[in-house]
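Next come two complexes built around chain A: one with chain B, the other with chain C.
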Partner chain A sequence: MARIDIDHVVKHYVDDRIVQTNTGRPALDDVSLQVADGETISIVGSSGCGKSTLLKVVAGIEDPDQGRVRYDGVDVTGVRPQERGVGMVFQDYALYPSMKGKGNLAYYFDVHDSSKEEAEQRVRETAERMGVGFDLLLGQVPTTLSGGEQQRVAIARCIVRDPPLFLMDEPICNLDAKLREQTRVEIRKLLRKFKITTLYVTHDQQEAIFMGDRIVVMRDGRIEQVGTFDDLYYTPASRFVATFIGSPPISVLPAAVTDGRLQLAGASWDLPSPVRAAVPDGPVDLAIRPEGWRLDEADGLAVSVRHIERLPTERAAFAYGTVAGRNVTVILPVDHPERDQLTATPDLDRAYFFEPDGERPLHTPGVLELF
Partner chain B sequence: MLFPRVGRKQPMLRIAWWAVVAFLCLGIALHLFPFYFMLVSSFKSGEEVLAFPPTFWPQDPSFAGWKLVFQIVQGSAGQLLDAPLWLFFWNSVQITFWVLVIGIPITSMAAYANSKLQRGPMARWSFLFFIGTLMMPAALTLIPNFLLTRNFPFALPNAPNIPGTDTAFPTFPIWDTHWAVIFPICFQAFNFLLFKGFFDTIPDSVIQAARVDGGSEFNIFRRIVLPMSVPVYAVTIWTAFSLAWDQFLWPLVVLQTPERMPMSVELYLLMERIVQSGGTSAEAAAAEAEVMQDMLGGGLSWNGLMVLAILQSLPVFIAFIVCREYLLRGIRLRGLK
Partner chain C sequence: MTLQQEATETAGGAEPPAGTESQVREPAPSRRRRLERALFVLPAFSFQLTWGWYPLLMAFVISFTNARVRGPIEFTGLESYERMWSDPLVAEAFRVTAIYAVLSIGLTFFIPIFVAILLMEMPKRHIRWMMLLWFIPLSGIASTLLFRYMFNAQYGLFQWIATEVLGLEPQPFLNSSDQVLFWLVFPGILFFGPGLIYMATLQGIPASYYEAAEIEGAGFWRKMWTISLPRLRPVISMLLIFAVIGSTQVFEYPMIMTGGGPGGASRTVVMYLYELLQNLRYADATALGVFLFIGTMLLVIIQRRFFREDPDA
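What follows is the complex of A and B.
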């Protein structure tokens, strides 16, 4: 149980080369983040955005060039990882190849002068917690285990010692779909039960939404936005967040505003009054989520449909098509007939407006009030 | 597997496969022939060894060479050697033992530190420094090394004076001791290269995971890295062993006392006495002839030397057979040699 405070951290990786040519951007660029006690934070971002580096800085494996890391207000920036007592799951499992599953779990107790009995008992408890069939993995060397099995052992190695802080670097990305679902629920239960502060790195939005109390979106070593899923989805801080969050992704269409009317691909609509106040006349980028379209209205746009994907569990179907050469996705009722053409009207109350070719949002719809 | 099993029925592939097999057999034969000749010569009589054209099978097998060598080992063969042969054998064993015991941990830990603990340009510089010692011809370092053993740690003919006084710095002359033979080959750059190459293949995340688990750097090395590295240790121990066992020039330079010589040098000296013919003066020639007389009278000839050569190379063979399994795994692992 710990409160984590990451304070203006900058991290450059040093090249192995003799002549330093590294003038590129830093892996972490002025990153600040506060994690409350017992909170789970999901970190998402495209690969190479610095998610894993952030975890390593928090674990103490990498030293930041600038900035501080505090646990419960105590500055641990210079403290070695050995003395921080965090638990970490690595993306490539990082199991000790020369030890069996059990040895992997017990290594922590070996180096901490714990008694054999204590180690035994903790390993047994953890095995029970990890669920069916886990005992079998304990007797095997990691090289004989499948990717998913290795990952389970790695998670067990992390939780076996009840750390105050969990750092998970894509811990379940290699499990098969069913086991992933199961393990995800299992980890979530565990975190809820023990109220362990967790940083959870993933590239899977669904996982991030499921695991995280809050979600951090990272890009090129910077934090773009921190917030709940609704915050990120309905009030993105930038165009990047808007296009990154949401699946299928948001459709961006170049449009223009003249005298309070939106012109797009030959059609035009009156802007609602809150939007009109925020969006000036001139070119503007209109962004619409799949659910932000109304179908079959008289003033609609012609969408030429490429293909339709049906999702029976969601009672919906996604139509992938183009408007004026730009890709758009429109949500349809699941029984919508298969056609090459659709007529869809953007719901301007639920639409996003961005400055043309810029990152800044001009207007976002705000969190939907469902209840 | 040289070729995939799948397409072996293809005529061209089959020809190529047999060609490779034939080539490898030729290589094996070329490698083994000296050992065969050594073995066969040890059973020939003195005249037959020098016969031309050479015979490939002893026409008149005799065990004279072997009998003589037993006498030499026990020290009862007169003036042939300065001491019983087992003494020189024991010297070799001691030197090799210390080279391995001191050298392998130093080399492996240096490589581990260079591979996993050092970072940035410094790691590359120290790597280049160590590897650079491979490019230094041994002949170039012979004299500085010799001076080092005279006035350790100064590579000078005489130790310099302490500034402002007339007294010289204290030195540790290790010249003419086994340590002078052991220390220079403790760190072997080639083994460093092998170790470093292997440690580089261990993912950083394994080391990092162990750090997060709380293992000290030495504990990580001992508990996690060492058990993974058995094959590469086998390879390096074997190369270090054969180097230490067979080294010749350096002990000849730094060792003076006959009783301290390793076996490789002693065998050479013995051979030298047989090969040398004629002298620079009448007395020398007479003395030489007398020595020659002694040896031939004692029955020592090339056949005896062959027996000694077999004894000399035996430990390397045994070492190879003992760790053959690991050696092959290690060689396959790194694609060495």
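What follows is the complex of A and C.
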């Protein structure tokens, strides 16, 4: 169990590949993050945003150019990964191909010259903790295991030695959808059970929401925002976070404010007073989530519908269409009749306002008080 | 002339076996399909037969005769085998070949495995240049000729290095019967032939394996033992077969460099076989060839046994 401090870390990859891919931009650009003991942090971002690099810097596989990494207040920057004692699960599992499952689990004890009995016992204990049927995997070489099984062995290889810190680099993205769902639940259960501090990298926001106590959104080597899902969803720190979090994504429509009235595609509405205080007159980008529309009101906008996706389990449907040439998504009741025209009014209490063509939010609705 | 008849017979027999084989595998393909298949197989099959199996078979047949240019040819049983078995030059040629093979496999086959692994530890931008450097000198006979000049005992580059740079006595190099085999193998170390293949294979190992091992506390040697070598194993196994066959049958290289000298100290089995052919001793030459074939076969079988349990298979 450990508390992790990542303190102003900068990391450049300079021409350290056989094929040159030096873009001149740092892979990590002044990244700072505090992880509490036992906390699970999900790190999301599109590919190449530096999330895997951050993990490698924390593991010690890569050294930062600047900044420090501390475990429990102890500076470990420059300490070799061999001496850090962290556990890491890789996207391709990285099981040693020449060893059976058991050999993979015992590798750590082998390296550290532990006695055979100790290794044996730890492997047995871990097999019990990993649950039903895990024993069977121990006797097989990784190439004969399925993706899900390999992944279980890879996780077991980490927990067999009680690491203070667990690093997971897209551990389940190579599994098929059904197995992914199942494994996700399993990993979460294990993490809750062992209360291991965990950094969990993924590109799938659903996974990030499910796994993480808090979520880190990264972009181009920087942390855009850290927070719970509600924080990110209702009070995004930038337009990027607003559009990245939420599925289907938020719809952004260019609008204008004159005398406290919002003008959009020929219609206009009075801004609620908290919004009016934050949004000055002039052009503004209005962003509406699918659930931020009211249907069939007299002052609504005409939405031409492209297609409707029904989600019976959610008792809802998504209508994908356009308003004034911009893509919008509107949530409908599941029994809403199939029409190619809708009337929808943006609910301005639940709308987001951004400076036109900028990243900065002018007003966000804030976390809803649901109960 | 009976031999030629036999040849046409075997070559002509190519078509029917190919046809029947495809019949067995597939449930009743149409006549036209069968014919098409046979026609597709025919060129490769007849090529293999005329240039592969026929000479091999004929070598066996000739080795049991007193084959010569003129005069009647008769079967003489194991006479030529006995003659070759008791020929001291044959024993010498096998001894030379064995030493050459051991030196060549040891120095140009096993050393590059470790050199390649060490090289992969270098920064990637250096590896790129290293690989390029090794690629450039790879060319067969031209570089062999070049090396012959470099080994020249009077004005060669190596003599200059030995006397002027290292301050040694003038070295005989290829003129010494003790050193000649080593110096023959030596350029092969610089060429680093299989090393490139090892490096290519090593590059194909996902970095995450090494990262996982590092996180678990493995150092350089353990990573090599548990990841690099097991991953190289199938490549090593295959290349070793080629190396065994290549080094036991080595011919053109010592032929150009030394012509077998000094005093037969670098005369390999195939070179001696070539001499026998020049002296028109066909039966003896083929008998020697059969000896070499059996010897090589044994080595390959031993090698296959050794590498049998393949973790990646």
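To be clear about the criterion, the second predicted complex is superposed on the first by the 360 of 371 C-alpha atoms of A that agree within 3 Å, B and C clash if a C-alpha of one lies under 4 Å from a C-alpha of the other, contacts with A are read in each partner's own complex, and residues count from 1 in each chain.
Here is the rule we go by: contacts are C-beta pairs under 8 Å (C-beta built on N, C-alpha and C of every residue); 3 or more make two chains touch, one makes a residue touch a chain.
Because the structure is predicted, anything quoted here is derived from the model rather than measured.
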Inset, instruction - In the superposition on chain A, see if there is space for chain B and chain C together, and answer fit or clash. - result: clash
Inset, instruction - Based on the superposed arrangement, let me know which partner A:194 touches: chain B (first), chain C (second), both, or neither? - result: neither
Inset, instruction - Return first, second, both or neither, reflecting whether A:141 touches chain B, chain C, both chains, or no partner chain. - result: second
Legend entry - Of the stretches 75-83, 165-173, 237-245 or 291-299 belonging to chain B, the one that collides with chain C: 237-245
Inset, instruction - Share the list of chain A residues that count as touching for chain B in one structure and for chain C in the other. - result: 15-18, 56, 59-61, 80-88, 90-92, 94, 96-99, 107-108, 111-112, 157
Legend entry - Contact set on chain C toward chain A in their complex: 123-125, 127-128, 203, 206, 208-209, 211-219, 222, 226-227, 230-231, 233, 311-312
Inset, instruction - Flag every residue of chain A that touches chain C in the complex, lowest number first. - result: 15-18, 56, 59-61, 80-88, 90-92, 94, 96-99, 107-108, 111-112, 141, 143, 157, 161
Inset, instruction - Please name which positions on chain A make contact with chain B in the complex. - result: 14-20, 56, 59-61, 80-88, 90-92, 94-99, 107-108, 110-112, 157
Inset, instruction - Flag every residue of chain B that touches chain A in the complex, lowest number first. - result: 119-121, 123-125, 128, 203, 205-206, 208-216, 219, 223-224, 227-228
